[in-house]
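What follows is a single structure, and I will ask about it in a moment.
By letter and in written order, the chains are A, B, C, D and E; residue numbering begins at 1 in each of them.
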Amino acid sequence: MTVDPGTLAAIALLLPAASFLLLAVAYPLRRSGRVAGLVSILGAAGALAAALGAWARQTPEGMTRIAYEWIPQEAGSLATVGVLADADSTIMLVLVALVSLLVQVYSLGYLDAEPRPALGRYYTYQSLFAFSMMGVVLAPGFLQLFVFWELVGLCSYLLIGYWYERPEAARAAVKAFWITKAGDMGLLIGIVLLWYRAGTFDYLEIYDLVRAGQLSVAGLGLVTFCLYLGAMGKSAQFPLHVWLPDAMEGPTPVSALIHAATMVTAGVYLLRRTIWLFALTPDVLHLIGWIGAFTALLAAVLACVQSDIKRVLAYSTVSQLGYMMSAMGAGFAAAGFLHLLTHGVFKALLFLGAGAAIHATGTNDIYRMGGLRRALPQTHIVFVVGTLSLAGIPLFGGFYSKEEILGAVWSGRLVWPFWMLVVAAFLTAFYMFRVVFIAFWGERRADSHGGPHGHGGGHLHDAPAVMSVPLWILAVLSVGIGIYFVRHHGEPEFTAPGWLTPLAVGVAVGGIVLAWLTYQARVVSADDLARAFAPIRRAAQARFWLDDLFEGLYRGALLGLSRLVGWVDRYIVDGLVNMFSAWTLMWGDRLRRIQSGLPQDYVYGLAVGLLLLLIWVQWPR
Amino acid sequence: MSTMPLLSIITWMPFIGAVLIIFGARHNPFLVRLISVVTTGISLVLSLRIYWLYDQQAAGYQFYEELPLVPPLGITYQLGVDGMSLLMVLLTSIIIFAGVWASWTVKERSQEFYALLLILVTGVYGVFVSLDLFVLFLFYEIAVLPMYLLIGIWGSSGEVRPQGIFAWAFRRTGVGTKEYAAMKLTLYLLFGSAFILVGILALYVSADSSSFSLLELEQVRFAPWLQSWVFLAFYVGFGILAGIWPLHTWSPDGHASAPTAVSMLHAGVLMKLGAYGVVRLGMGLLPDGTHQWMWLVGTIACINIVYGALSAMAQTDLKYVIAYSSVSHMGVVMLGAATLTESGLNGSVFQMFAHGIMTGLFFALVGLVYEKAHSREIFRMGGFGKMMPGIATAFTIGGLSSLGLPATAGFVAEFLTFLGAWQSRFSWWLFPGVIGAFFTSIYVLRVTKQIFWGPPAADPHFHGLPDAQGPEWAALVILVFTLVLFGVAPGLAIDPVDTATVPLLTRLGVMP
Amino acid sequence: MSLEPIAFGVLSVVLVASALAVVLTKNLFHSVLWLALALTGTAGIFLTLDAEFLAAVQLLLYAGGVVTIAVFAIVVTERLVGDRITQTSRQLTNGFVIAAAVLVGVLSFVLRAPQSGPRPPIAEDLTRAIGESVLTRYVLPFELLALLFLAALLGAIYFARPDD
Amino acid sequence: MTALSLELGVLVLMLVVFVGGLFGRRDDTRRVGVISAVGLVALFYWSLHLGPGASFWGGAFVQDELALFAKRLFLVATVLGILGSLTLRAPVFARRATEYYLIMLASLLGMLALASARDLILLFVAFELMSIPLYALAGFQKREGEAVEAALKFFLVGTVSSALIAYGLSFIYGVTRTTQIAGIGAALASGSPLLILGLVITLGGLGFKIAAFPFHMWVPDTYEAANAPFVAWLSVAPKAAGFIVIFRLYLEGVGERVVLWVPIATGLAALTIVAGNLMAIPQQNIKRLLAYSGVAHIGYMLVGLAAVSANGVAMMLFYLVAYLFGNMGAFLVVEAVSQAEGSDNINAYRGLAQRSPVLALAMLLFLLSLGGIPFVAGFWAKLYVFWAAAEKGLYLLVLVGAVLTVVALFYYLLVAKRMYIDAPARNTPVPVPPLLALAILICGLGVVVMGVYPKPFVLTAFRVAATIF
Amino acid sequence: MPTSMPLQAYLVLAAVLFAIGLFGVVTRRNTIGILLGIELMLNSVNINLVAFARFAGDTAGLVFTVFTISITVAEVALGLALVILIFRVRRTVVADHLDLLQG
């Protein structure tokens, strides 16, 4: 029996949906906590199996499309839903399913101290997320993409706010939602505008139009820019990246899954799916490349000054997303997509690793960790593997894809972005090893014993199997990918200059060395370093005032405007209504006074009335 | 097709219930509720049945009933539904059925409460199913008037400090009290009905066909000048009920003061009645007037969307937030209609339905929260998610639908409207619409965060509150289910609606 | 040349003058007397219009009846108050303006009316004709008039009797 | 003589009352009221068997559809008025019942004759026969300063208006050279200014009777001071009679020239509606409130007149019937509450719904009917007159009327608020004397039946109005 | 000097009397005085009627006059009774004092 990849992909999509529905409707099941987790994990596992099947059966050129009518209209259907399985979507599907499954398993350990109903809620959200993210991946058209795009945003919101009783978490959740939503509004407009030109939401149909040259290019830049706005919000590009670091208020597995491996890459994935459309508007592509590179550099700088391990990783994610985007901007989507996949694996690894450390120590602060190398040897190893991948050291996952991006950007003649990315690569290696040296290698801090998760009590130990097994799987994958690419070079779409590899490896090693000198060997004083870059450091600690800007816009401009409008509505618009009614009352009172009670005044009334009649009847008309 | 007068039964069943309650259920609160549930339940079941039986291939008005009332004037009790009114009838049924459950706890004078509520519902049904303008108007008035007592007796007063240049007027009108709100709502809507009446009479007189029948008037091509002003009259008249800016100010006060089921019904269904009137009478009968004034309708709708959202953001009273969100969402309804495109109009009708359900849900929830916490002050409450997860979840789903999140009915409606807006003559309408949706996400989530998904309130008064119970669940489940069902499968609504909007647009000359 | 225009002129002057006196005199009793004069003058006008019977009715019923009742009322009220009633007027200007305006209004129509023809001759006995029509064509109003008197008197007696 | 049977019947009834008053207890002769009521019911029943067509004295007295319609209306109103009056508490209404009912019947007789009058003299005499007893009835509580004052005001203004009518009629007679009303139509065609003058002056006098603004000023004072059942009757029957006269003089057989009255009627209608409704707002006394609202209702009826068409007249007739039940019903409830509370202040109605739900419901129905709300008579009434006016293109007038309806509802709802929303001062039910309850019940039934099934009434109104044009 | 006065002359005379009567009605303070004004107004009606009747050569106007005169008397009778009554109840016949009811 042969099942085509489309069907398998659809099965992968529907399994988490089923577990979500089950958990959402079956109230007692949800309240039971771990059982709910098992249901969700079962769904994710099934989805992974189906995804792997789909991937295995997928030929590079093959394409399966399943579509059902979703919104009808007089002339056929307005919008369809379905599945578009091709090489890109199936591999992405595998990534999503894999990370989802691992994270869900990991969470059993990470969140074991949670009350049962809360845990059930968590897994319900997780299932919904898996379903939604797969929906994004498999979407055959813009509308479905948008539907699931919003749903993943919802899941992000729900999961960031999982510990909603913490004010920061609640605030971060809405902040994430609002800022991505702002971008999504651009996406929505873009979709509407594109639909108006193309008459369809379907990728393939639009692609056919583009190939046939039937899609007018004039003014298309606005459309693609609007589409890009969506990607900008979701993939945390400058200046809409501000939500992502705050999103770290969510549980760490959530950060790993949503805010590192999958959801935040949706923007990149969108560009990958529709790069042929963006190719029609080179200006917009250039802009994307510039913004991507700038984001990469900016976030790398920001990452250097963070002391919260998750925030370092978050800025790192922003930075890496910038990498991917700049590759897209250079017009070489495959390079960016490749980095998306590898980044998904090793960044999930890093987050889960950091999660293990946090779980053990009960703090996010790298300066309060220290010396975890000995206390958590397994965690240490996998974390270093992830770090090396991220830094772009050969034989590790990120090396090849990162170099591809640099090559792509160079080939795309984005010279300035290229050098920004190189600097960012240096900084990446630096800040990641800064974390490694401070948290894992440095002196053990006296106060770092035991977290709130009940595993403390004096001595630290590695995470339980449910957490470590996923870590190891990801670590192995990171290395595996790295080795795989050493042996299997894909055909690049461009020819990179020969000096690129030494340069890339060089800056990475340079970064590591600097970090070692500063934080481990203490040859370079961290304070001197800080002093040398004082203005940048201060700006970076203030997050370049971007968060303040958004806060100001929100509180000052928006809430201020709303208060003004609210006041105007109550006291001017409604005031006018009240004025009319008050006038009516007043006139009633005034008119009543002609009723003086004097009999002769009543006769006056009679006479005046008669006069009025006499005048009115002979009024010329 | 069934030979039973289904529409009449649907329409009059609540009225029968009201009569039974008045005369048969004195001092027996349970019997009162039972009668209410049974009669509205019958209406709901029959609404589903006509939804099921409606022949979408044949389209047009079905389940036709006729009974001449005043033959010399051509007034006929004439009922029928097309795809659009079908959906509205269903909406009404769902909302009132849920409303009865949601107000299970009304204790004071419950006999009168339910009787008035059911009479009101008969009026609402009547407007949606009647094909005779006169009868429609008659039902319209019935749908408005019981509101006065419902709000006046069972409503709640707030406090508004008079200020600004009209402070004197506020002091004179006694703003803030429930009596004020009730009077304002009733009079404002009746003020609107004056315009409707003039419009209807003008059409009747000019048509020269001695009939108030919609079916016959649809065949008449009225003189352009007449169309022009009659359309405006309809727009103002029905627009007041639809909450168009700047004639919307009855709605926040009214909805905030009204008891739960009344707010549900009023914001959920009655405001739709206004939009329905503009579409059915304004656009359906007056093509030239429609074309002439659509710029106004759409532009004001845009103002509604953004202005309503901003006003909602400024409120500190939960009910006012919801009330202003209705103003904003009714803007979407009117915008969709103003686009004069298939997707826009479908979106408009869909939004009527979606907003009806979601706002019904909202008001049900606000009622429940108020009942448990005895507060509507957003910034005094907090962290209810833990104590009342059911209410919190339902509120979140309603909120998400309100901000147009996919997989809820709100998204499809807004999206279709946006598509239509860009297709219309005034493509810039799209942008206020989108901005409004964004603003909606801000105020909805702000409120949700503050009350439910945020840190607990400091006030010990708000600790240990119960979740929804018993009958209240019924209301929530029905509404949430509907909201999601129609969001996931919008075809359920759009298929029948399309059979009504396409002929309408054809008559307007914008579709072949 | 007949006497009629002269009589009309003289009577008009008397009428208007006495009417003005009725509404302007301070002494109420004098007012009533002036009214009697005005009513008598009206009877004179009737004579110039060849309506002798009506002149008689006017004198008997009107001048006689009304004036008597009025005097009676004055006497009664004066006796009760124990003092002579002097009456003043209020808002003379307003009253003049409104009365003048009504007069102008009425005259604006009257003077626009086409000139009437000459007076037709009177052939028959007017009194007899009146009597006949009252008993034939106008018998119903006549009967009703009787009832009207009955009702009015019932009311008047009810009001005037000092008991209960 | 069957055509005159109603008038003769009332005459006989007056005799019976007169004789009946001579016998029995001196201090309570109220049974003559019962006799009158029974007699009038019998006459009403008899009137249903009368057909139109008779004409006497050369067309001076006609028994046409309009006359019959009006007579039935007068009879119903009077029966209701008498039923209400029988329950009056003040001793004078028991001791002097003979006078009271005799005078009332005399007035009724005037109305009956007026309805058939097609001759100026008959019209004037009948009109006065109707009016003069009203002055006596208004001041019937002659020990009460307010009642007497009201009666005097009523009398003074009324007599001036009689003078106006007589003055106007004299011009009409002068131009048409006949006392036949039928002559007006022909004469109007010539456009004689004197005729128009006469008709306009007469209209001024009639404006007093129907209480159009600004001729209405006697209304609130009289209504406030006189007893409620009498006011209920006064607010309906004489006004209806006034309208019948208007139909006869201004519309019947006038033909094309009838458009002359459109601007006048439009202006009067608009003024009356606006002024009546506005002045009603600040009233605290329910009778004054109803008085001003009654003024506004006259305005609405004038909207029908402004249409100067058969439809307009038909709709006015329908309106009159609706107004009869609604307004009389309201005043009768006022009497019931007044007897229990000793006050006509609207605050006396606080919590009535909880004290006497049925009475409150009845009042609510009457108020809603007056306010023009569906399923009670007033809704159709208002709609119909608006329709008639719209038919003639008077959209602006209709709009004014419809918008002012909202103002009217404001003060009706204020009463409803007191009955339904406010808490009662005490919880004892309001006792309603059986006869009063019967009268209220009749009014309530009338309001509801007309509201739910207006068809027969409308058809009748159309049939009646068709004969005028 | 014409041989006989035209109709208009009588009508004008009547109108003047009517206006004077009205003036009296609205200016006199004593209710009896007001009644006298009303009498003047009604009296002018009679002049009108008789004049019209004469110029039409018709008797109906004369009959009408008989009726108006009679009715006037009845009205005056009732009115004066009312005046006496109000004097008894309120101790005044000044119209300006009769303003218990107003508004």
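Here is the rule we go by: a residue touches a chain if its C-beta (ideal position, glycine included) is under 8 Å from a C-beta of that chain, and two chains touch if they have at least 3 such contacts.
Keep in mind it's a predicted model, so treat the numbers as computed, not measured.
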Chain pair, most C-beta pairs within the contact cut-off: C-E
Most distant chain from chain A, judged by the mean position of its C-alpha atoms: C
Rounded Å distance, chain B centre to chain C centre (Cα mean): 69
Rounded Å distance between chain C and chain E, as computed from the means of their C-alpha atoms: 6
Between chain A and chain E, centroid-to-centroid distance (C-alpha), Å: 96
Chain B and chain E: spacing of chain centres that average the CA atoms, whole Å: 64
Numbers and ranges of chain A residues touching at least 2 other chains: 585, 592, 595, 597, 599-600, 603-604, 607-608, 610, 614, 618
Sequence positions of chain B contacting 2 or more other chains: 187
Contacts with 2+ other chains: residues of chain E: 7, 11, 18, 21-22, 25-27, 31, 34-35, 51, 53, 55-56, 60, 63, 67, 71, 74-75, 78, 82-83, 85, 95-96, 98, 100-103
Chains grouped in pairs wherever the two touch, ordered by label: A-B, A-C, A-D, A-E, B-D, C-D, C-E, D-E
Touching residues (chain side chain C, partner chain A) in the complex: 90-91, 94, 98-99, 101-102, 105-106, 108-109
Parts of chain A lying in touch with chain B, wherever the complex brings them together: 69-74, 78, 117, 143, 146-148, 150-151, 154, 157, 161, 164-167, 170-171, 173-174, 177-178, 181-182, 185, 188-189, 192-193, 195-196, 554, 558-559, 561-563, 565-567, 569-579, 581-583, 585-586
Of chain E, residues touching chain D in the complex: 7, 11, 18, 21-22, 25, 31, 34-35, 38, 41-42, 44-45, 48-49, 51-53, 55-56, 58, 60-61, 63-64, 67-68, 71, 74-75, 78-79, 82-83, 85-86, 89-90, 95, 98, 100-103
Chain E to chain C touching residues, read off their complex: 1-13, 15-24, 26-30, 32-33, 35-37, 39-40, 43, 46-47, 50-51, 53-57, 59-60, 62-63, 65-67, 69-78, 80-85, 87-88, 91, 93, 96
Interfacial residue positions of chain D with respect to chain E in the complex: 120-121, 124-125, 128, 132, 135-136, 139, 142-146, 148-153, 155-156, 159-160, 162-163, 166-167, 169-171, 173-174, 177-179, 194, 220-221, 224-225, 282-283, 288
